[in-house]
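A short worksheet on the structure shown next.
Chain IDs A, B, C and D follow the sequence of writing; residue 1 opens each chain.
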Amino acid sequence: MNPATVVHGRLRAGVRREPLLPVLVILLLALAASFQEFATVANFRNIAVQASPLIIAAVGMTYVIMTAGIDLSVGSMLFLAAAIESSQAIVGLPTALVFAAVCAAGALMGLLNGVAVAFTQVPALIVTLATMQVFRGAGGHITGQQNINLPANLLGIGTGSLLGVPTPVLLAVAVALAGGFVFSRTTFGRYVQAVGSSPDAAANAGLPVRSVLVGAYALAGLLAAVASLTQTARLGAVQPSIGQGYELTVITAVVLGGTTLFGGRGSIGGTVLGALVLTTVQTGLVFSGASPYIFDIVRGSVLLAAVLAAGARWRNLAHAVRLTGRRRPSRDGPYNSATSA
Amino acid sequence: MEPSAAISAATTAQPGRLARLRDRTRHVGWLADLAMLPALIVLILVLSTMTDGLLTSSNLINVLSQSAVVAIAAIGATFVILTGGIDLSTGSVIGASGVASAWIITSSGNLAAGIAVGLFTGTMIGLVVGAVVARLNVVPFAVTLAALYVVSGGTTLLSHGKTIAPVPMGFIRFSIDGPGGIPYAVWLVVLLYVIAQVVLTRTAWGRRVVHVGASIEVARISGVNVVRTGTSVYAVAGFFSAIAGLVLTSGLAGAGASMGNPLLLNIVGAVVLGGTRLSGGRGSLLRTGIGVLFLGFLSNGMSLLGLQSYDQLIVTGAFIFLAASADGLFRWRRRRAVRG
Amino acid sequence: MNRFGVARYVAAVAVASLTLAGCGSSASSDGSDAATSAKKRTIGVSFDLLNAIRQAEKASIQKAAEAAGYSVVFDVADQDAQKQASQIQDLIQTKKVDAVIVIAQDGQQIASSASLAKARKVPFLAIDRAVADQQNVTFQITGDPVADGKAVADEFLAAAKTKPLKVLELVGGLTDQNAIGRRDGFNAALAGQPNITIVSQVPTDWNPTQALDGTSNALQKDPTINAIYIPSDFLLPSVQSALTAAKKLAPIGDPKHIFMVTIDGDQNGCKAMQAKTLDADIATPVEEFGKQAIAAVTTAVGGKPVDPKTVQAKGLTLNQANFATTSSQVWGCAS
Amino acid sequence: MFEHLHHDGEPTARQPAVIAVGNVSKSFGGISAVDGVSFTVSGGEVVALVGENGAGKSTIKNIIGGTLRPDSGHVSFGGAPAVEGVGSAKHSGVATVHQETSLFPDLTVAENILIDRLRSPGRATVRAGHLRRAATPVLQRVGAGFGPEAIVRDLSAGQRQLVEIAKALAADPHAIVFDEPTASLNLVERELIMGIVEQLRADGVAVLYISHYLEEIARLSQRVVVLRDGRVVADRPTGEVDRARLESLMVGRELAQGYPPLAPPRDAKALSVLDLGDGGRVSGVSFDIAEGEIFGLAGLMGSGRTEVARAIFGLAGDIGRVEVSGRQLRRGSVRACIDAEMAFVTEDRRHEGLFLDRPIRESLSIVDLDSVCRSRRIGWLDGGSEHRLTHELASKVHLVARGGLGADGGSLSGGNQQKVAIGKWLVKRPRLIILDEPTRGIDVGAKAEIYRLLVDLARSGTSILLISSEMEEVLGLSHRVGVMHDGRLAGILDRSQATQESVIRLATGGAP
């Protein structure tokens, strides 16, 4: 095959992988057309900043979902990390040390999830449903349900900026790029996709399935902690309600980005786009002065539309497989493998 | 396959009561459904030694009436999980149907109409969710997550976030008093569990639900209308969520859009604690009932102990995980045996 | 099968012991009161949630209760109306407390708990959040959200004398009577004021993140905003960081300064007052809540009717003018 | 057919055994899977490992591959004892080509082939360019017609099998274990793979070849090791054992030779298919089946045989007309077919045939659950009549269920699972029964029983549509043979005309 066709193929593959890009663009254009204050640098800056924690957490979640897993505890990890950041134990330590400690704690929480998922037969949904409560409880234990203000030195990571670019955005970009690189360019990343794509095959090939699972969840925990650092820094204080229901928002962003809950398929880029679309919709609604409850309805509908579209894509693929003879259990939801498997 | 074995199959062909009993108990049947019971008993004993008044009749009645809402919603959740699905929208449907009925009752004063509307609302939402899951064939987690957003957002919007109250005393009484000092709500739970368990184990529909969970391909090729079964199961779940919503409304003397949202964890938790398999095909209402009681006694005991709310979270989480892992251990051994 | 059962037993026993360990600690703190409550009267307290102001309210109750020789059993419902109903049921029927003090998660839905208390002849007292159906409530003391809203409005009017105000109004949870009262009191008082225009209303759902994002979006949408009404101090940090991000957090006197008034009077508010970034704070009289509630308990258990049956304690206005003289009476500054 | 045996390349005695299995035993939960098995494979020889299902072939494979550890005995590679774990076999240059394709559908071909050495040499990263360059030559070696960057999900079964082999070759091993490499392939692809095996042997690689296809064994192997009930019952040059002997060695008793005699079909049409299509590549398929007739459907894998069956049974597409004894059938509905007393035994037993983790009873009664309901309207089940029905069905198909019908379907052997998959349709005698690969992966004993069952059904008036990749089976059992080619029915041959040659000619697009 000549390079031209290769490039073209890559392009088409790219577009097929990120159908959300045009959606986002259209959305931005529409909003810019209807509110003149919307199309300002400052506002886009705003959206970027608000999307940053979500992007950071969602990149981690993408790894987990890619292994055909799920992590419901991310919201609670966010809170527990914040609680630790504000705790007496480490107050007054040098900034870098505090951040390191919080990140380590986050990785540890994720590690706990990962070990439970990899070494017991308990479904990830249940494991993280349990740790979701455990982590929030632990956080409450540390903070005693108090509102705790953070010392100024810990706020920079959320409010500061470098060369005019807000720190959270820099962090989000760094995490997204690193996440994308690790996913496509390291054995760990390839193994993550492999394990999600076919656990049996992974076992046959002698891949370190368990370490891969543990790694994915630990990464999710680490990134939840990073998201927590930026988020709480922006809020300036740790409140007991931090991260409540956040897991659903994060999962929504990932699924919106085209990563399938069956594992093996998806992309970091899609996740980033998903997070941006969600945030843009939210901002747009504020601009239009609509009730905040409309937001729930809108994002619910967007999510449904996304999975429906994705569903169609999977079916076509599965169809191709079927025509060539051997059928395998359908991956695009069980109900219509009559026309798909 | 030596001939003697072949004969053994032939001999079992005579339908003897004994052979039937053996067949029943041979596979993981009602015996396994009770597997969580010992744990429940241990829990109650431990808690009763640590608190005073846990085992008083009034407190037992409290536990039962406090568990009523979760118990009812968990019936629907069990059916859904038996098909290998999951319903995250339960809590929001509880809110929606509660608000709908409270709204009719307060505005028109017509109790029957209110109840009817509430049940209709829940069932319809379930029907739509089921149709999307089964007919359009979208992964349940995503669909019900979307439904959770749309329904709770919509309910809050329509009720302007206000709590709809007061509902008439007769309606409230339903969850306060009843025959033998035990609230009607509790009697209702018992009745519903008996019915649901019978439907699951003794009717064709129940059998189909389990089969869709066990292997949807086998079911389809054997002539089971998997789309209809899949759709109906979510409608049924919606129906039970609606009943739960009504009971909750009566218990709280009013309905608010968000009142059901905190319940989702307990509902799914109870089903899993009971030992119904999340991937479907194995489970029962008996298990779920035990799971509900487990969580009920746990939170009651902890609040009697004066445990901080966040400590209660930790303990509950630990219990859910441990129960599930005990079940997982068992399943793992089984699979190994089969492979060998 | 056996393995199955065994595994379950192991799990159960393991965690049962875990429970023991878990509550050994807290049982000693809270549980012991209940244990020794043979002679001592016990008051059951159920809060909707815990945060800065709730902690202050809890403290004021405990202080007054100790003084009057009561012991206190304390529950938190984590913003779950049904959980609160269950907790109150346990308090009354199982722990047999002599009186119940609640901060209702929902002013309407608490009614069933009130009627239960009535049926069991247990005094039922509500603080902070009003109960819709008063017939079964022994005593109720709340802030006066409408009056507080109006008090805030007065500060705005005063400020509007010098320059016209373009106001960003944050609104609390739309399901919360207090939030609605604070909004309506404020809006009513400012209706038709030429010099003051409310350019945008941001619903926060009492959620700090929503407050933060909403504020920055609003400031973005209308850069000319020069005044903000924050209906509760615990949203203050969110607003401050939004302002910092927009480079608009400046002390009084600085032309960039944005006129801000809040309600509650917690530590954050007090600090901001000292830092002169906050213009006024309507402090909730939490001390009164505890004092009067406990007094009412004494009357009620003594079998006498409580009078007055409902009290609305207006907030205490703390502004830069009276800060020196008044701050000592504000709970947030005291601690 | 055993005349043309390859006697060249007999292993010379001095060559060291590349794979040596010494007195290996392994049991699962008390049940012994293999017991004291010993054999060797030397460089440049193909050793065939045959045996019934459950004879222990896959256990041996897994022990050699390192995914299982033997309870006793030892495995050594080129003299060096193997340590436990997948790594060991790989390091010693022993590769396995799995039967159930062990590929990652969402990864590229290159990533699959190089899955355990993705990293570019001397770098910490994975680079697409390197993967492409490394994978291309291996793909050429197996004659693959697709590129290294293709996503495996989009490949056909045959192409996937080639990827499997390429994966094994990429490590250029001294020894390769093939586990049923051709089970799901068409003739052309089989030829390709057998060519590869012969090439490997010529290159001096030691090959352990596990297969049910005795023709392949006869053609490829120099030695054949026969397993029965976990023991080695024969280990001798392939030339010395003919097919019949081999089968009897596997089963442990002489088989009734050939296939049971067919009764003549009746005149009445049972099924007539007109211009059938599945909305995919299958179209314009028309044929009739008479009552009591066995109609074989032959053709290469991927020629659309399975699709025709699924289309008739309402599982794929709804183009064309299907009439059962004159009455036209509502298309695209399984229920309609069942109501018309049709039955369908799927090729994918484990996924579509029966419930592996529900009681066997439920798999048997599912088709006609109404018949065991007290009231059809509420569907109230009657345990007694369900028990009676299921035991009747069980004995009809000579089901051997040691755990009783309450045991899980997964506890049955492959053959007995297949009996359940067939038995559930026998509540009433079906008018037409479609069987897709009814004997795939089933041991010889069970095969014979199933053949007898089919012929008896036909004699009693049931029409049978029989799809099988085993040519002999189709020829031996069918009154007439329809041959598919590239989605169309290339021709229909009477029993008299139907020979291996004539069928192949049609199947490969030649004129009748």
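Please note the rule applied: a contact is a pair of C-beta atoms (placed from the backbone, for glycine too) under 8 Å apart; a residue touches a chain by one contact, two chains touch by 3 or more.
These figures come from a predicted structure and were not determined experimentally.
Think of each touching pair as a link: the shortest run of links from subunit C to subunit D has 2 of them. Comparing the chain pairs B-C and A-D, the larger number of C-beta pairs in contact belongs to B-C.
Using CA-based centroids throughout, the chain positioned farthest away from subunit C is D.
Annotation: 35 Å between the Cα-based centres of subunit B and subunit C.
Averaged C-alpha coordinates give centres for subunit A and subunit D that are 42 Å from one another.
The distance from the centre of subunit A to the centre of subunit C, each centre being the mean of the chain's C-alpha atoms, comes to 34 Å. If each chain is reduced to the centroid of its CA atoms, subunit B and subunit D end up 42 Å from each other. Shown for subunit C are the residues in touch with two or more other chains, namely 50, 76. Those residues of subunit A in touch with two or more other chains are numbered 145, 291, 329, 338. Within subunit B, contacts with two or more other chains are made by residues 156, 161, 217, 220, 308-309, 311, 314-315, 318, 325, 329. Going by the touch rule set out above, the chain pairs that meet are A-B, A-C, A-D, B-C, B-D.
By the touch criterion given at the top, residues 66-67, 85-87, 90, 98, 100-107, 111, 115-116, 118-119, 124-127, 147, 153-160, 184, 280-281, 301-302, 306-307, 315-316, 348, 351 of subunit D touch subunit A in their complex. If you check the complex, the residues on subunit B that touch subunit D are 1, 5-6, 8-10, 12-15, 19-20, 22-27, 29, 202-205, 207, 210-211, 214-215, 217-225, 281-282, 336-340.
Of all residues in subunit A, only 35, 37, 40, 42-43, 46, 49-50, 144-147, 149, 155, 158-159, 166, 231, 234-237, 239-242, 282-283, 286-287, 289, 291-292 touch subunit C in the complex they form. Chain contact summary for the complex, subunit C toward subunit B: residues 1, 3-5, 7-16, 18-20, 22-23, 26-27, 29-31, 34, 50, 73-83, 85-87, 89-90, 93-96, 106-109, 111-112, 115-116, 132-133, 173-175. Across the complex, subunit C meets subunit A through its residues 49-52, 54-55, 76, 200, 202-203, 205-210, 212-214, 216-218, 220-222, 234, 237-238, 240-241, 244-245, 266-268.
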